[in-house]
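Remarks on the structure that follows.
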Amino acid sequence: MWRMQMRRQRIGRRCQRLRQQLQQHGRAWLEQLQQRRAWRVDCARPRHSHSPDGSFHQAVAPVLVLAQCFSLMPVRGVRAASAQGLYFSRHSWRTWYSLAYICCTSVDTLFTINLAVHGTLDVRSVEPIVFHGSILWGSYHFLQLARRWPALMRRWAHVEQQLPGYENWRQREHLTRRIHSVSLALLTLSLMEHLLSILSAVYHDYCPMRKDPIESYLYADAQQLFYVFPYSNWLGWLGKIQNVMLTFGWNYIDLFVIIVGMGLSELLARLKHQLQHLVERPMPELFWTYVRTRYRSIVELIYDVDEAVSGIMLISFGSNLYFVCLQLLKSINKMPSIVHAVYFYFSLSFLIGRSLSVLLFVSSVHDRAREPLRLLQLVPPGGYHGEVSRLASELSSDNVALSGLRFFSITRKLCLAVAGSIVTYELVLIQFHEDEKSWDCVAQPPLH
Amino acid sequence: MWRMQMRRQRIGRRCQRLRQQLQQHGRAWLEQLQQRRAWRVDCARPRHSHSPDGSFHQAVAPVLVLAQCFSLMPVRGVRAASAQGLYFSRHSWRTWYSLAYICCTSVDTLFTINLAVHGTLDVRSVEPIVFHGSILWGSYHFLQLARRWPALMRRWAHVEQQLPGYENWRQREHLTRRIHSVSLALLTLSLMEHLLSILSAVYHDYCPMRKDPIESYLYADAQQLFYVFPYSNWLGWLGKIQNVMLTFGWNYIDLFVIIVGMGLSELLARLKHQLQHLVERPMPELFWTYVRTRYRSIVELIYDVDEAVSGIMLISFGSNLYFVCLQLLKSINKMPSIVHAVYFYFSLSFLIGRSLSVLLFVSSVHDRAREPLRLLQLVPPGGYHGEVSRLASELSSDNVALSGLRFFSITRKLCLAVAGSIVTYELVLIQFHEDEKSWDCVAQPPLH
Amino acid sequence: MWRMQMRRQRIGRRCQRLRQQLQQHGRAWLEQLQQRRAWRVDCARPRHSHSPDGSFHQAVAPVLVLAQCFSLMPVRGVRAASAQGLYFSRHSWRTWYSLAYICCTSVDTLFTINLAVHGTLDVRSVEPIVFHGSILWGSYHFLQLARRWPALMRRWAHVEQQLPGYENWRQREHLTRRIHSVSLALLTLSLMEHLLSILSAVYHDYCPMRKDPIESYLYADAQQLFYVFPYSNWLGWLGKIQNVMLTFGWNYIDLFVIIVGMGLSELLARLKHQLQHLVERPMPELFWTYVRTRYRSIVELIYDVDEAVSGIMLISFGSNLYFVCLQLLKSINKMPSIVHAVYFYFSLSFLIGRSLSVLLFVSSVHDRAREPLRLLQLVPPGGYHGEVSRLASELSSDNVALSGLRFFSITRKLCLAVAGSIVTYELVLIQFHEDEKSWDCVAQPPLH
Amino acid sequence: MWRMQMRRQRIGRRCQRLRQQLQQHGRAWLEQLQQRRAWRVDCARPRHSHSPDGSFHQAVAPVLVLAQCFSLMPVRGVRAASAQGLYFSRHSWRTWYSLAYICCTSVDTLFTINLAVHGTLDVRSVEPIVFHGSILWGSYHFLQLARRWPALMRRWAHVEQQLPGYENWRQREHLTRRIHSVSLALLTLSLMEHLLSILSAVYHDYCPMRKDPIESYLYADAQQLFYVFPYSNWLGWLGKIQNVMLTFGWNYIDLFVIIVGMGLSELLARLKHQLQHLVERPMPELFWTYVRTRYRSIVELIYDVDEAVSGIMLISFGSNLYFVCLQLLKSINKMPSIVHAVYFYFSLSFLIGRSLSVLLFVSSVHDRAREPLRLLQLVPPGGYHGEVSRLASELSSDNVALSGLRFFSITRKLCLAVAGSIVTYELVLIQFHEDEKSWDCVAQPPLH
């Protein structure tokens, strides 16, 4: 019994020594952190001009440039070295380009509505209206967002700078590489989908409206125009250009939402990465104040970003839900040719895959924001200061997530609710026996 | 290393000095607050008699006066200078007027049920019953509410007086202006909708029951009466007056719910506004006791108001859900004339817009009640007293929201659930093929 | 400024004195409480033998006696003066009576299944199977419950004794009076409903199977027997007795669930009543330990009761859901006579009213268990001990409610979910066009 | 009054003494615990080699061996004495066997898809595709799991060793016996179900495709092959073997999920069992640190296991949902013979029972993880250290449960949601009038 007591005393002393060492370690870490931060503010970060500095602003630049080619996000300075270079001007050609596009789309939407009300109205015939309407609304939201983008990016950059620095170039380029590869993949697939749609329409036209297949394709593509005006080639090509821009916009809404989700997740992942290494040591209270304020600044950024982009989120989710329902409904039809079947199933897979990606990338913000709570539970009793307890209770009462105009939070569980709704709606919709009219020429609105 | 330590000591000292200054500031602020409050109780607030003092009681007065013209809310003294002037009396002409109206509506409802049971019962033919029934129930609830209104308003005024004063006249008139403009907008639109309904019915009568268009309109409007009695002009006009009063009541239920939501949100917004400026400073604990008790008194007021008006909430939400479903169902019909189409789509938009406004205004109470939690997370470690922690845990365990008889809380997320239900019910209902009978004369119940 | 400081000091001193007085008050209260409790254990409570002592055991006694007449709940000593007198014996005539009833019902259920499988199986033809099956399962659960009842009631009595005593006879008789009046109302209405059903069947037999109306009624009532055996009067009367007992059991399941809900709510209400008066004073910590352990013992009792009765809850809710759906489905039929219509709508209203009562009474346990949390928020800062904080956090993490085999908690919000499901199922079911066969003689299974 | 005070002092002193004794007890307990753990690491646990040591690794061994016979879970050393003996090798025959099986199943799935696309596609004709696809996906997941299994089992064993030892052999063998009996029951029932399916198909072939009943059965069983190849006996038997393996895999997925759920529940139950005896005594803070870290290590294990098996969970729940819907849909059909009816209802009961078991066993992990929270509420005020409060707040903010790829948590409440969905889908599906084609020979895809 006595030996036991001796041993316990010895263990106790060893523990104390260890704790002291760890606390010294913690203090040293804190000093190091403050120095690094000080250094960061002081000196001018000399680095190769073309290598990315790991900021979201730089990572997202090429995607924004592409969007501007298609008249979305008319903000200036997206290729600037830092977020300080961003600004919005009403007199920029980008803004005028964007406004012109919105006007054209509005007119096109009116033509589309005109075409639809002269046919029969059901869940399928409103497809072009939903397509036009959602992109029109999206373009308007992007214009609004462009005005808030510079301030938002500066705030984002501020949050990024407060986080611990990257350990190596691989980490620094991680976000940039991810964003670029996802953008490339999604845009390539959407291009392929569009080309396949042209191919299947041109070479296997099941109810030709003009003799020339190209003309017939242009005719079908801009039906809403030729319902009002007589056919002319230049109007057909104009309609085609409009159609390409709309299709790009339709894909870009989802891409943008994915990228924002990735950027915010990355911030939380960086904080977690740092926490992971230190959480099991008895760190000083100041460290936890540091973590809490960092976490808080990220969460405040998420709330701000959500306020700015949740309109676009709502469009993205709403239109995806509608189009998945619609395409699944069409999938019960017989395909007129093998090219149509290939196009249709490729298109359906692409649509479902894109929708699922949006949901998973965006919901990862919610998942990552909960992760520190799990890490906090590993803090040893000796290092469980009031600040840790405060952080834990704040984390558990928070409900951090991007949202669709705050009508719904985007979490992984939403996926199941959406899937359940799709199955229900599908089962009910199939009962309308839409099969007959879909690949049928006479079901098209009459032409003059 | 030594210089570093020196610098850190210097920073430490500066921080301490700053903290002391801030604490002094906090104490001064608290004294100022107590003085202001004391002053408020002592002196008699000499102000121009016609300028609003920013109280909910004064802001809501014109709306209540209008309601009393249409026999709702028979409480006396709504135009009194303060809530002290309110009282309810059984022997007031307002009460008798209200009781008479309820009796008339009951009789009218019985006639309506009589008409419906002699026709076919389906989701569409019960429309007049639901319309009459919900307004009857609403009128009864308003009568009950009138008895509780004086005590409720006095409590409300008490809570208002405890909150920090307004900084300028713009803030003071903010609530009044908002309530008046929303009331004006909603009532104007409802008047337009009613006039359009008369226009479309009189000038484009698709199945005239009498030769004279006015007579035919009166006949159709009070069909439940003329199913029992032979046609006479004075009975027709009586039915029309009853119909106008019902229509006003139907709109007023929603308006009242919106106004209550706005008033409660305003209280929370005022507290938040004050908190926002002080939250990042290390305030003394007494300040947080002050904030907590203020917040608590607002929440208790919300609970009391909810108990008093949740019956009206339930009617409002239930009837809106039913009528939106029904109008959407009618929207698949062919319109007999362009005037009908204009009326129908205006009416549908008005109905959806009104329902959405109710939901958004009322749910803002829930959103605003959560906001202080986000602000508390910005409190610096030095000022994080036990009271702050208590307030934070109370805020996160509370679930403050107005409700429909406590069967459902009214939050922004409810909107999605309601929209999902509407789509589901709509898809199922459409399968009944209601199209044929709706604009069809013979579908009307036979007349003797 | 100096006068201000003086005044504040004076206020401070006055506050301190007040606090001391209140703390003395609190201590006195605590002593009083301990004395009262001591007194309670020591002396023999001399009271008029027939007056209720306010215990749940005594309040529920007449209802259990009635149940035993109909062979449910075979526990002995339900009329004993205290819960100590309760015991369960396998050799009691009550147990044998109950077992015999279960056997008879099992045989009757088999006959019913036999009848159903020879007809067409749909949502309507399984009605007798659901009716028999749910009561059979209920009877079995009551038999099981009888074994646990004595221990449960003793525990309940123990919890009751720990709560503060009643202040006057009105409070003491409150629970007893409520339980008796609810039981009386429900049983009277169910008797009326049964007599109306006989009346409508005998005097307005729309497809007589025998010449004599009484015989024809008995025939229809015990159709499952006469599908196998030839008709005989004594078998008819036996079937009728069985049917009366089943109908009583069907109503009793709901009544029992309501009574249990009322009893548990009353316990929480008593604790709240005491808390309400003391919560705004700075009570000593021991008081809060007292409140917390009392609250805890009630909650543990609720968990135990839930474990014992949640099987019966599930039957009650499941069968109510099914029968409400079914009756609503029948409501679209034309009634063959006015007596049928009266019976049908009375029966439907009774069913909906009974189901709603069950839900509201049982969900009040959940509501009342949350109420102390709201009261705790009024505790002044001076009296906010660690125990108060602990109680608050326990209350907010608890989710106290009765449940249906823990598959669902019974809260007020369940009501909306159930109502939504009923509307959905109803809309879908109506599409099966069940109208034709329901009041039709040939739709009955063929008889030999 | 004075005697009262004396008595209270005496009681106070007694209490203090009791508390000291209990604290000594607590310390002694802690020492004992440390010794026992030390002893456990030091000595070599001499025990009879065949008696189970109560570890999950040993309990699950026979089930894994059986799975390996059917080519699932190709991990080596499942029969080793401890988890240290487990390892995964790419060059093991088990891995090759598993890969070969996956290849075969892939080819078979392609044949099945080929068969289906040449028939009509509806909810029923995709049955073989769902069956093949889910098992293929499951097999792939098991292969992936085999790679992670050794590390996972070692971690599991580590957690088990940290928990308090068993008190007697009955406790030690408890888990083993439960796992073996559940496995035996489920596999026996599934074997019976399969034999009954053969019996009903061979002896009551309602639309024979070959003269010989055995041949006809083999033909029907491997229809997807004979749609491409001409009939031959050896191909028929090959198809039968494949079919048996698929059926085993289909049942094994559910069995595996049940066993994992049982194992994790057992860990939590052991911790709770220990806590139950000590929770009402004032234990030292170190005890609570011990409990908290033990609880934390179990929860971390649950998270890890969830990450490893949640893919299999998703397949299990998804396929069960689909097959229950499908079988219920088939249940409205007329059965061609009594043997078919017996088989069908046995199969349906087995399917529903198996699905329900999966849900209940797996959801018990969530229920058990909440249980300590209820126990913590019984901790006396004297022993309510900071660690207890921390554990309580961690428990209430955690949401520990196994999940289906984190799309849904598996709790008891999920059951109701699933049941509600099944009823809804069923009601909608029945409207497709699938009755005619199901037991009909011509509805089968044409054969060449």
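Just so it is clear, A, B, C and D label the chains in written order, and each chain counts residues from 1 on its own.
Convention: a residue touches a chain if its C-beta (ideal position, glycine included) is under 8 Å from a C-beta of that chain, and two chains touch if they have at least 3 such contacts.
In this text, all values refer to a predicted model and were calculated from it rather than measured experimentally.
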Query: At the place where copies subunit C and subunit D touch, is the share of residue numbers found on both sides over half (same) or under half (different)?
result: different
Query: Measuring centre to centre, with centres taken as mean CA positions, what chain is farthest from subunit D?
result: B
Message: To test your reading of the model: what rotation angle superimposes subunit B on subunit C by C-alpha positions, in degrees to the nearest 5?
response: 90
Whole-Å gap separating subunit A and subunit B, where each centre is the average of the chain's CA atoms: 36
- line: Per the C-alpha centroid definition, the whole-Å distance linking subunit B and subunit D comes out as 51
Query: Among the residues of subunit B, which are close enough to touch at least two other chains?
result: 393, 396, 424, 428, 431
- prompt: Think of each chain as a node with edges to the chains it touches; is that a line, ring, star, complete or other?
  reply: ring
Message: Let me make sure I understand the interfaces: which chain pairs count as touching?
response: A-B, A-D, B-C, C-D
Field: Complex contact set, residues of subunit C against subunit D
entry: 31, 35, 121, 285, 289, 296, 299, 303, 386-387, 390, 393-394, 396-397, 406-408, 421, 424-425, 428-429, 431-432
Task: Can you check the complex and tell me which residues of subunit A touch subunit D?
output: 4, 332, 367, 373-374, 377-378, 381, 384, 389, 392-393, 395-396, 412-413, 415-416, 420, 423-424, 427-428, 430-431
